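For clarity, chains are labelled A, B and C in written order, and residue numbers in each chain start from 1.
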């Protein structure tokens, strides 16, 4: 009862959390480097087709990871795709996260009528069939990647809002919040200085999950025209393209899948690291 | 009393939610390009036939009028007729609902115990070998493309070993269990990691909480503390996540339903969206909305039971 | 609460329940199961010309004439027919046939069914019967059909899917409902159960006129949209036949024991539409350049792994009077560049519109690369079929790789659909219209001498291929797979299953 901590101000200790941050950050940095230097590392045009080198297995001279169903170099495509996928992981997650966290914070803290209205809005959004939204967006805004982010922002905030609200509802009755109230802090200060830092773990953990879902979902919407347009290299789309060949040319799906998995691993390690560092200062 | 009145209030709030959803989805669907009649009549259909059928189905009336006709019928319990099949939407949805509900129940029965077991095991050996192994499994499970896993399982367990059917829903309870086993496992393969990571994080946090430390200092056994204090206090966010994911699955188990050719709501939705079958999409939207609200409500009620500080 | 115990019990129960099923082999299966990505959306033959429905109509409704395994016309519901010397009157004698409820099929039913397809405002595809001037029932077993003028494809058109005979009494009594549940049928099967969006279960029509047919206890037409799923279902024995195995798996499936994949000829053609209403493809030289830029043989090889034939004319290769000896447009990038320069094409980007049909993004990427090589930059836009069918008839595209097929072997309907600018569909919405071709279309249909018809269709193919009404790409065979359990099942080039001839082996 004696200390009323402002948890975010705690110093970061060197510990297991830092190791994970270093590892996760390393993976993401490595992918950033590969993405930026793609022309250098790949050496080939990711969209150059070849009628004579279809479905070449990995290890073929000139094609380290083989070629796809129209003779494009899989390595070049995987590397160039990193540019788009890293961008997708950020642009597809950050806007919904910001909206959702804000809604959840306010809703959970304020309670009452405001909360009820917000949560019904959440209900509407959750219950709304994503495909309907997708065809409407393609129809109104046109096909393409940018509009995929619009669709994600319109829908994705809900998960963050609900998670955040659940966290806040528990936290708002905790001692340090009550104490802050007694000390006369205003609602914004309490929300952003005291409550928000304590909820970030759950949100970050979910955000990494979400980044993974965003990367993988892009491909499953391709058939409705939302997402990257062919022949732009993107991991999800490459996996989808390789689907009919998965039995006899596994490498078309496998390497983009592996790439996506490693980038996701980076995200997840990073968030685990953060959560442990933050968790150490939590109450 | 408070629980019941709160419940009543929530049910009342359901009405604006349903109206909101129906208006928005009606407008979005009707405004998006694509003519259901053209898709229905086929590539070579004449413009005259398309126009004629549109007129007979009332598709060339003003949007507002179409909406009011729709709502008018809805109030009398009539969801309208499928443009594609000329059959009542209600019957159509009822045909496809059981497979999806069964699948979701199956997934929950598989996922929840597995997620809880794994999360508890991981949390209790935090940083240890078991924890690391479970976390690795979670990462791999989450990042695995569902269609790929589904396809591989159907080829291996269905085709090579012949243990499970690779398609359909079957007849009768036992047959359903058999047919939906692979779809349920494929879905659980990403749901378990999701729940498990969430729960593990919450458990670890709670284990470091003051009241747990206090209990420890009182000399209470670890297992006792875990069951009485840690677990109940950590399940709330996971329960919320589970609710969210169930809502998502009701409309979103599309990939698995397509790969295993399960006649569920997901495949009906895709078929209807692709065929611009307006009234089926509308009907499905309402079903999703109802289901979501029911799931949310259930989660909220459970939350108040687990943690009385949470209000409905 | 003991979470461990609950979880353990749950898992144990699940395992215990699953144990008894872990036995290989399927239960006895009487009916023939066919998987197709194309769905049945209506049971009324007049109401749709979409692929899945065409397959279904053939099983439910007999036509006056039928085609045998060799593709020749032979008696169907009409046991004989006579064409007047001037070619404008056809008199058909009906056999003693019955609808599925046992009521007789009369000349009145025939007249009703044919006129309905021609006249009903909601008839999806009246084109095959457009030349029918009048239909009369001379007596209960004799139908007299009169034509505007001699029309060579007419008898063949009486075999097209929507010329199936339905019951006048039933349709008049039940209206549109006659086709939503349990329609009266004249074909080999009746509807046992229809679960729209999932499957159509067929049972034998006990009153079918071909005695001893169908040679099986029924069939299920199952909708399976995903191609990998159809393959899995074939491999696991959950299907006896399946449409459209992926090209990439043809060789592997052909090598599997217990499966056959005969690559049956089809009336399908893969091609690229070019929008003649908009620059740059409104210029014939740019269209020719676009065609010369494509290495059709290499594209065919890449797309079908050598299983399809490169296309040489604008009509499907399986059609009668297809001019197999025409050279097609040669692959000649230099000539393409020269033509572009001549046309004054300024290198503006073109939009290639594709729908979500499997393989089209692959095809589009190949075309894009080869066009790029001669200096036609392009952007691919992938949309779903709903949007595609709004934008293509609306001329809102530059190029659109896609496919079409013909519902009968006679080229008349194909030419009217895809190459004739005055036949109602704007040459498949390419807005190509050459008065000479339009004239030839009518002349070829009115010509009764096959040798002369051949020459007229040759001219049509020559002109439209050289003027690049569309860019023909390849003629794919069907990649249907068949299981060993069923014999006698095949598909005709015009999408009709020989289901009534198929039997289940014991």
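Everything below uses one rule, namely that contacts are C-beta pairs under 8 Å (C-beta built on N, C-alpha and C of every residue); 3 or more make two chains touch, one makes a residue touch a chain.
Remember, predicted model here, so these are calculated numbers, not experimental data.
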{"item": "Farthest chain relative to subunit B (centres taken as mean CA coordinates)", "value": "C"}
{"item": "Centre-most chain, if every chain is reduced to its averaged C-alpha atoms", "value": "B"}
{"item": "Separation of mean Cα positions, subunit C and subunit A [Å, integer]", "value": "43"}
{"item": "Length of the line joining the C-alpha centres of subunit A and subunit B, rounded to whole Å", "value": "20"}
{"item": "Inter-centroid spacing, subunit C versus subunit B (mean Cα positions, whole Å)", "value": "37"}
{"item": "Multi-partner residues of subunit A (each touching 2 or more other chains)", "value": "135, 138-139, 224, 243, 246-247"}
{"item": "Subunit B, residues touching no fewer than two other chains", "value": "32-34, 151, 155, 270"}
{"item": "Numbers and ranges of subunit C residues touching at least 2 other chains", "value": "228, 356, 384, 386-387"}
{"item": "Complex interface listing, subunit C residues touching subunit B", "value": "1-4, 6-8, 10-11, 14, 17-18, 21-22, 24-25, 39, 41-42, 47-51, 53, 121-127, 176, 179-180, 195-199, 222, 224-226, 228-229, 232-233, 235-236, 238, 356, 384-387, 389-391, 393, 404, 417, 424-425"}
{"item": "Parts of subunit A lying in touch with subunit B, wherever the complex brings them together", "value": "16, 111, 116, 119-120, 123-124, 126-133, 135-136, 138-140, 158-159, 162-163, 166-167, 169-170, 173, 201-202, 205-206, 209, 212, 216, 219-220, 224, 239, 243, 246-247, 253, 257, 260-261, 264-265, 268, 272, 275, 279, 282-283"}
{"item": "Contacting residues of subunit B [partner subunit C, same complex]", "value": "32-36, 38-49, 52-53, 56, 82, 84-87, 92, 95-96, 109-110, 113-114, 116-117, 120, 151, 154-155, 158-159, 161-168, 174, 177-178, 181, 227, 231, 258-261, 263, 267-268, 270-272, 274-276"}
{"item": "Residues on subunit A engaged by subunit C in the complex (per definition of touch)", "value": "47-49, 51, 54-55, 69-71, 135, 138-139, 143, 222-225, 229-231, 241, 243-249"}
{"item": "Residue numbers on subunit C that touch subunit A, as the complex places them", "value": "227-228, 246, 248-249, 252, 295, 298-299, 301-302, 356, 358-359, 361-362, 364-366, 368-369, 379-384, 386-387"}
